[in-house]
Every structure is written in structure tokens, then in C-alpha cells.
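Chain IDs A, B, C and D follow the sequence of writing; residue 1 opens each chain.
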Amino acid sequence: MIIAERKLMEEIKRLVAPFKKVLVAGCGTCVAVCWAGGEKEVGILASQLRLARNAEGNKITVLEATVERQCEKEMVLELKDKVAEVEAVLSLACGAGVQTMAELFEDKPVFPAVNTTFIGKPEKEGLWTEMCGACGDCFLDRTGGVCPVVRCAKGLLNGPCGGTRKGGKCEIDPEKDCAWVLIYRRLEKQGRLALMREYNPPKNYRAVKRPGRIQAVKA
Amino acid sequence: MELENKDVLVVGSGISGIASALELAKAGVKVYLIEKEAAVGGYAASFCCKATDSCAKCSVCAALDKLKEALIHPRITILTNSTVKRLSGELGNFHVEIIQQSRYVNMERCVACGLCAEVCPAQPKAIHASSEENMPFSYVLDEGLCLRFKGEKCDLCQSNCPTKAIEFELKPNRHELSVGAIIVATGFAVFDARLKGSLGYGRYPQVLTGLDLERVFRREGYLKLSTAGNEPKNIAFVQCVGSRDERHGYCSQVCCKYAIKLARLIQYQNPEAKVTIFYIDLQTSGKGFAQFYEECKGSIQFIRGIPVEVLQTSSGKLEVKFEDISQGKVRRDVFDLVVLSVGISPGKDVWDLARILGINLDDDGFFGVKSALCSNETNVDGIFLAGTCQGPKDIPDSIAHGVAAASKAIQALSGVDSRRRSFRWRW
Amino acid sequence: MSKEIVAFCCQHSAYPAADLAGKSGLRYAENVRIIRVPCAGRIDVIHILKAFEKGVAAVLVLGCEEGACHHITGNDRAKERVKYAEMLLKEVGADGGRVKMYNLSPNAPHKFVKILDEVSKKIADEEKQK
Amino acid sequence: MEKEIGIFLCNCGGGIKNIDFDAVREKLVQISDVAFVAVSSALCLEEGKGTIVSTIKDKGVEKVVIAACSPEFTEHTFGEVLEKAGLNRHLLAMANVREQCAWAHQGDVTKKAIQLIKMAVNRARLLQPVQKKELPINKDVLVIGGGFSGLNIALQLSRLGLRATVLEKEAVLGARLGEAESFSSCDMGPMISEVESDDNIEVLTSAQLVRIEGNVGNFSVRIQKAGEEIPRKYGAIVVATGYRTQLMASSEPDSGGKILSQAELCRMLAAQSLEKQPRTVGFIFDFADENSRFPTLATLDNALAAKEKWDSEVYVFCKSVKVDSKGAEKLYREARARGIVFLKCETPPKVLAKNGRVEIQAQDILMGEDTVFACDVLVAEQQILPAEDADILSSLLNVGRDSKGFYQDENVHLYPVALERKGIFVVGGCRGDLDGGRVLSDISSAVMSIYELLSPGKIVVDSEKVKANPQKCVACLTCFRVCPHSAIQLMRAENEKEVAQVADAACDACGICAAICPAKAISFEGYTDEQIVAQIEALGTS
């Protein structure tokens, strides 16, 4: 799922400096799962804003709300009357959520309070690692289910780079496993090592027009 | 066959008695818990917490929790100041006569508000809470200290008591209980260090016993000594005082553990303090003691050899004479404080309780067991042992032994004949 | 007006220690407000921030000794959260030192009193400097 | 605003002098939703309880605040009083105005008392009732491990009328005892036949636990035996998988069977005829592992037996003799009396195998210099380790281990046989190195805990005191990973999305999950965020 990380307080304080009344809007799906923008983080950010402004003697009233998913028009519209009350909105959702909110409430500035970072999974409680770079042309079938585009520091399509450290660690980051060593071991286990000899052509990033649009067949 | 009378009498409210009573009560059995003192909890609940930056695993707080849980359990009836007078009957049908000395305070009425103690003219106060934590929840009038019982006409406490709880005429009353089984959990007596005269306990104020040190830490929270002078820099622990000697053919199991834990606490609170432990064989086994011992192996000095004499030098310090076996010569060292790690001895009143209940004692003076395999069952069917009255144990072992006694009592009460299985067990 | 100190007290250790301090006649600063919680692990960052929003002088989270928590990880989690709260407070310019975690056991009333005296003295000194 | 809160103040028989209860009364009566403020002298006595019940009944309040002594002992009794008055016992908030207010400070503390009671009123306002619920439970017990502990537990449980299934990894029960792997040699024959003939006990040999779900009272497990998985249901589980020993690698290659383990020596002693009885026997222990009792006890036993049977010379090399078990000191004295030589060394002795005999070079502290002893047979030091499969089984059961790898976290509140998961117990050698007496105590303790848990046939729990709201839960698994008692599972109600669900029977009400839930989906009645923050709201106003 989408992993995000909350922005530093200096930046957020700067964003809402001119305003007396703001809404902190959380999202109950991806950013809640990765502890960045769920209802709990909304409470914490709101409380921090009040403390910060009380310390400066420039009081601020902060409304708090969390919707199921901020990238759904109908769900975001539930905040209609709260947004009307405030001068600005701080959204803790991922980029998609912030922009959906901005589209629907064009008269009020909507600021992001988290940095959307990557698509990933929890390695353990409280630690998330990047798994997919959304390159639009998945070739995991040829790498035994390990994506070198993202998990290899140099993004090599025909690795390993020869600088692999002892114990299969990456040349650049000693704690990180080298993606191609993982691929080799996985393919070895499945007896498909022949794939290592096949040449993977460079990716055609032009094939994927940005921003991506996917039209489902009309149900 | 199911025995009809399933109630159980537990004699002694130390931690193993409490553990037995609590487990039986939770299993649906009605329990009479009698205690000869005015307060419940015995030794375990009165020790100090030995944690430094992490818990020292001494289990005192676990004992305290069980005590609090037992105090409010509906199926446990606590009779303080009570002792067993007479016993008749057998498993499933015991008749026990209990004599309850009078507390002169009606426990149902006392709200522990403290007004009586404020007005009491006697020094020290004749009426006081049953213990520092006031368990059970009522005051008690000490006949020995009260001026009224010395002939003076004084009833200040009675007149000031808002709930009319104090009655001077309360006579010791007799309870006639019929129970299915009895669990004896009368605990132990701390070895009187005065019996080892050459070690100077009672003569020099800087010679304390392990129990005194526990009380200092419990009351003050740090090593505050009655003698003037700054914090002791140089402390010695003498092990095996009252254990493994000519009159005590057993290891008391607890002294090495509490000595090392107290030494670690002293060094944590006063980093310059230097602690030496004199020992014969260091008993460092048991759950959770491994990494604990590794941690303080470096900082504590261990000397193999027990001191024979402690004398006071002119400067008021203590000179300890001992044979340092590893160097093979007699040495004298000077310390600010000497702690005698006193061991566990059989309780004072074991003789008459054994006579009343008809259970025999083993050659160390503790209550004897039927066979080494079942350390709860005595020679009398239906009377079980729990805790240190059967032999030295630390707090976790006493709790386990208490729960085991409850288990054996339940099995006996549900008509189970625990015939011996024929197998030879060697450790 | 002497500002309050909020003390979230675990019902297994800190709360009985506070009771015992009262029973054995130990006195401590009067501006302490004890809130009873089932475990130090129940306290979350938001409770600490809300207390500072209310303008309290300091927040203490008092749990069992390390390794003696009735719920095994309760006091370790509380320690992590107090560190996180301290960071959050520093981010907004408040004094991070005003939130602290201490460990004590139910039969250590003097440790409870020592903690409170230490904290109130620190606050008194800082007030003097301001 | 509808007046629904009743406040009872108790001046503890007049004992609380530094609180002006009348001033407190005037202040509190002004709170809008407070129906009455009654001052009484002793609420905990019968007449006090009587006034509470009658006042609640005729004033018809829904929430009660009692400002008196510490709730630690009295919350229980006042809860019962509320139930007598027809109110749920959880609609009670207590303010500790005695130990933590009147007794804790000098001088007048009326202001603080008012604030403490206001905090309790704010909390009382938000309290919700919590009902008790009875859950039916399964009364069978699964005993993992067919050694001394496991069989003993099964026997004692069957005597109390509880059915047990003994799961043994090996093909035969009691296989481990008597092997080189253990210390004690114990003739298990009669006990095994007793177990096999007991119809309350089902024995599954060469069987292993492979899956476990559910919690206390309703464990559903899968047992793998002869290639197929048998699904079963149990109310409680006992881990009795025993310990394993590892002979300290002797520095010299094995010189003709001269270096043995304790159990091998036992077998030699038990053998009727022996072609060459060893003239000198050596024992080494307490060097690599200074925290185990078994080596000492086994050595004392075997040394005495060797002296008696073969009248051989016996040398024991150790650092400290661990005699902290019942009767161990007597055994030690008897051994010395029978001429067994104990050499206490600070550094471990060196073992050299020369011309068919074993030579031990040790620096005995009494003699001071290195001396060499030749022995026919040497029992080397054995280190006590947890069973090999401890990793797999403990992660399967999701239970903690101690610093040496044995089961049961080193937490004093778990002793003697509990684990952080209710309904799962750990007994005997797999919990640490326990001598015979302690193993027997463990066995009886476990039987007692299981009997107490299962014999009523039901568990009475607080229903939904800690509850995960299915609408708000995003199934992020944080609570599932964080719960120390493994009381939270992911459940999928029919055609609903998968959400976290708290098992009331296993939940120990600590609130760690409620604090960490990123979607604020878990509520803990009595200590919800709102109820805690409401108490904070009462601050600042003097």
C-alpha cells in the first residue's frame, strides 16, 4: 500500500502561519496503516499546532476530522461544512487525497502535511520498506518476484553489479540485501537459473504517459 | 467418593499460605485463613524492592499482589491473632478448635481513620494499624503497651472512635471449625545472629543482618544507617550465617541471592561503594539469575572463606578476620559495614503445632514429609505443608509450593487416593 | 497559581506506591494530580500533548520496574512513547524535558516521593530562571 | 441538563481533618448534572453502604462518584453496593481524597480535593455499563511432551476428572529420560503403563503440534501424526517438553569411551556385570554454566553410587557446589564423609587423554599449584539447554522465552507456571533447570491452575470491555502484533471485511492496543481516550 511520512513541524507551522482557523483532515486507509495520517495522527498534529501557536501567543482553532478514504469524492464531501468554517485545510492523506480535496474545495488552500514516499510493505511493526516503483511494465516474472528497479540501489535490470559485499549485502548500503543476490537465490530454489542469462532490454518509460489513466471496460 | 466437607483451613498467612488460600478460593473452596500475628503477609510482603534500573526478580511485589487479591476474595475468611488449640477427626472431617486473641478492635467497624492513635498517651502508641500497609484493614490495641491494662483508667481511644469499634471487654473467643483438609504454612524464623557471638551482632551497631538491611531499604529507600558518619564505602556480606554449619545441616537457599541483589542495589545507589561477599559455595542457580550474576560478577569482590571474627577498631570501623582460601593465609580487612546473611531456621512454635496436629518433624526441625517425592504431604492424611515450614525456599518457590499444596488438598478432597507410584526418582 | 503536575500512575505499581506514601506519612508537593491507568502502556502521546495543551507544568508517566510489568511490554512501550512525545514537544518549541517516564514498585513510596520532589524542584528552578 | 450523577463524600469517621467537606459540597452542587452531594462519616461500613443504596434508589441517578479512600481495596465493595442498588458496577468513579490528598499533604487541601472530585465527575459522565458474560469452554487439556512432567500432569488431571491428550514427538513415551541427553535416570515403566491404561488420557506418539488458533477455553489445534493433520479442540495447553544437555566438547578426541555423560554413567552403574569396573572416576561441573543445579545433584548421586558399587576413587572438580535444594547439603556431607575428594578450582581444569586413561590438570585452590589426576572414567561438564524445537514451538504458540532460551519470560508475575497467554502453562525442565522437588511443585501448580480454569466449565468475562470498532478498523495488524497476551485476532464476519477482534477471555485489560491503534478504533471502557482527557480538562480550574 501507499507509505507516507509526516512532514516536519517547522514546515507545517510555516504553511498555516497566516491562518487563525484550520481543519486537519485525516484518511482512514493507507496512511492510517502506516501510522502517518490516521485519526490518531490527526489528534497529535492538531494538538501540536495548538501548543505551538499558544507558545507564540497567536491562538489557532483546529478542527479535526478523518474520512474513510480521501481519494473518494463522496467521502471527502462529508467534510463540506467543516471546510466552510475554516480558512485552510491541512490534509494528512497521500498526494491523491490532497489533490481530491483541493479539487472539491477550490476556494480554500489545501496543504499536504505528509510526504507520500513509496509503495511498500511493513518489514516489522513500525518499519516500512519500498517494494514497487510503479514503473508500469512489471517484469517480476523474470526475477523470481524480487523487483531490482526499486530494491537494487542502482536499478540495474541485468545485475548484480559486481560490488556486492560479503553476505549478499548491497555495495552502497551495507545493511540492505542486494536485490540480485535475492533474485539468484530465489531462482536457484525454483530451478529457473536460466533466467539469469537472459538479457532484459532497457525499460521503455515513454510507453507510460504521465499522468497515467486507466479506463475499465464499462461494466 | 466425593467428600462432603470441602472447606480448608490454612494455618499461617505468609506468602505460601496466601498462595494456597487464593488458589483454593478461586477453585470454589471455602477457606479459613488463620494468622497468629495482628497483620497478614508474613516476611515476604515486608521486604524491600531491590530494583536498580531493572527489576531484580525478587518477587516481593508479586507476593504483595497475591496478598491484596486474597484480602478481598469473598471465599477467604481471615482470622488474625489466632492459633490452633486442638484438632480431632481425619481427612474430610477435621474438627479444629481455634483460639483468637482479642484485638480489642472490632474489625467490621474499624475504618482505620487514625483518630485513636492520635489521642493515645502511651509511648510508643498502644493502638496502631496492623502493619505499615495496614493489611488487614483494621487497627489493633497492643495489650502490652496500653496504659489501661497497666491499671490506669484511660479510655481516650474508645471515646474518640467515631465508629465505636474499640471494646475493651472483648475476650479471646474460641472458634470451632469443621474442615476437610488443613494446609500448614507457618513459615520460618530468621536465624538469631547473636548466637554467633564472635561476629559481633548486637555489640557493634555497624553489624547488621540481612533482615535489618531489608528493613532499612524498605523504610528509607536508601542505605540510611542509624550510626552517624557518611555513606559506608566499604561493605562486607558474610554468607552462611546460621546455614550449613554444625547445627544447620542445610543450605538456606536464599542468602546468596538476596546478598548479591542487595549488593547490586547498594552499588547502584552509591557507585563508589566497594562490596565484598565472603562465601563457601556461591548459590547462583535458579530462573532469571544467570544474566543477573554475569552483570555484577565484575563489580562485586567474591572471597572464598567465611570470617570467624569481627572486631571494632579504634576508629570505629570493623576489622574482619578471615582465612582467604584461594591465597591460603589468614587475612584481616577493614570495613564500614558488615552484613550477616542470616539463614532460615525452623519456626519458633513448630513443636507445639506438631504436637497438636500430630505431624512429625524432620531432623532439621522443619515439618517432615511422607516421602521425598511429595513435599506437600505429611504423615497425617489430609494435612499438607506449604512454604518454608517444610524447608528453606525463596519467594517464587514458596508460591509454587503453596499452590502445589492447594492442588494436593483439592485432589484429596475429591476422594482421590494418592497411592505411591513405584518408581525411583533421582533428581 | 502553582501549575499542576499530571502523573499517569499504573494501578499495579505507581498508584499503590502513592497510597503507601500517604499511609506512611510521607509528604510530597501538593500540585500533583494522579490519574489512574490500568498500565503505563495505556498512555499514548495524545494524552501527554492534551495535558500540555491544558497548561500543566509537567507530565509524568509512572510504570512498573523494567522487566516486572504485569503486561510484559507495557512499561517499555510507555518509555518509547514518552521519548516520542518529548521529540514532538521540542518540535513545537515547548520544553521537552517536562515529560518524563519513571519506574517504581508498589512497595517503594519513598521512590515515588523522591521523583515528585526532583521534578517540582526542577520546575521551580526553571521558573526562577525565566 | 438531566441530573444523572450522584456524589458521595466520606470523611472517614472524621479522620480527614484538612478537608472542609461543607465547602466541597457547596462547590460540587453547582455542577449542572449533579443530582446530589451526600456527606457521610463511614461509607465502607454496613450503614454507609445502606445509605448509598437508598440514596441511589430514591434519587434515581445513573452514575456515582465516591470520594473516599483508595479505590485499590474499596472499588470492589462499592461495585457490589452499586449492583445492589440496580446500577452496573462500572458506572462508578472514585476520587482518592484520603491517601493521595488528605494524608499526603500538610495544611488545608480542600481545593485539591475539589479538583480531584471534579476529575472523577468528568470521568463518570462518560462511563458506560459493562456486562458480565459467560463463555462455555472446552474442558480437555493438551499436554505437549511425554516426559516425567507431562505424564504426571496427565495422571493428576485425570484423577480430577479432566481428560488430557499427551503429545510425544518420539515414538515412545519417556524416551528422553535415561538417554545421554538427561541427568536423571528414572525408571518410568510403571508410570507409562499407568498412563496408557487410563481412559481419561489419550496418548499420541510421534505426533507434533503444527497449528494453533483461538485462545483460553477454545484452542483449536492441528496435530500432525503419521502424515495427516488431526484437528482438535482444547481448553488449556501445557508445555512440558523438557530440557536437553550438551556434553562440553572435551579438548581431546574421544579416547575409547572414557568421557561420559551423567546418564551414561548411570547406565554403567545399573549394569549387573561390568567387564572392568573403573578404579577412579572424575566429575567436572560449574565452570561453563554457573547457574544450574542439575550437574551438582546428579554428580553427588552418581559419585556416591560409584563409591558404593565399585568402591572407586572419586574426584570432583567444580567452582561452587550448588546445594540450594532440599537434602542436597546432607548428600554433599555424606559424599565427603565417604572419601569423595572435592577440588574447588577458580579456572576450569584441562582434560588430556593419555595412554588409555583420562588426565585432568587442575589448579586446586587449597593446594595452590597445578596437580594432575588420572581417571579411568570422566564425567565431563554438561550444559543445560532448552529443547531443540523450542524456537519453532514458542513462535507457534507465540509465547516468550527467557535470556537462556527456556520458556517463560523472566517476569516475576508469571511464576510459577503461567505464561503471558492465558490458558497456556509451562512446566518442568523446559522452563529452566529445576531439581526434582521443584518439578513436582510445578506439576501440582499447573494441575491446580488448570483445574481452577476448566472445572467450572465456563469463563465469566467482561463482555466487550476492550472492543475494536469494525467500521473504523483498517486491519493494519498493529494491535495483533502489539498485544502481549495474543488476545486479538483478525476475524472475518460473513461477507464483511476482515477486522481486528478482541477475545474477551484472553484480554487482560492493559490498554496497550487502545493506545497504539492508528485509526483510534479500539475503545477500552473505563479508560477511553475521552475519559482520560476529560480528567485532564478538570485541571487548571481552581
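Assume a contact is a pair of C-beta atoms (placed from the backbone, for glycine too) under 8 Å apart; a residue touches a chain by one contact, two chains touch by 3 or more.
On a predicted model such as this, the values are computed, not experimentally measured, just so you know.
When each chain is reduced to the average of its Cα atoms, B sits farthest from chain A.
Distance between chain B and chain D, defined via averaged C-alpha coordinates, is recorded as 23 Å.
The distance from the centre of chain A to the centre of chain C, each centre being the mean of the chain's C-alpha atoms, comes to 36 Å. Centre-to-centre separation between chain A and chain B, using Cα means, comes to 61 Å.
Centre-to-centre separation between chain C and chain D, using Cα means, comes to 29 Å. Multi-chain contact residues of chain C, defined as those touching 2 or more other chains: 16, 23, 44, 46, 50, 67-68. In chain A, the residues that touch at least two other chains are 40, 43.
Residue numbers of chain B whose C-beta contacts span two or more other chains: 55, 57, 61, 65, 68. Here the touching chains pair up as A-C, A-D, B-C, B-D, C-D.
Interface residues of chain D facing chain B in the complex, by the touch rule stated above, are 12-16, 41-42, 44-46, 72-73, 76-77, 156, 159-161, 183-191, 194, 266, 290-294, 297-298, 301, 319-330, 333, 344, 346, 365-366, 368, 402-404, 406, 408, 410, 412-413, 415-417, 431-433, 435-438, 440-445, 447-449, 451-452, 455-456. Only residues 45, 48-49, 51, 53-55, 57, 60-61, 64-65, 68, 129, 132-134, 218, 220-222 of chain B touch chain C when the two sit together in their complex. By the touch rule above, chain C contacts chain B in their complex via residues 12-13, 16, 20, 23-24, 64-68, 103-111, 114.
Contacts from chain A toward chain D in the complex involve residues 28-29, 32-35, 38-41, 43, 66, 122, 125.
Interface of chain D with chain A (complex): residues 472, 474, 476-478, 481-482, 517-520.
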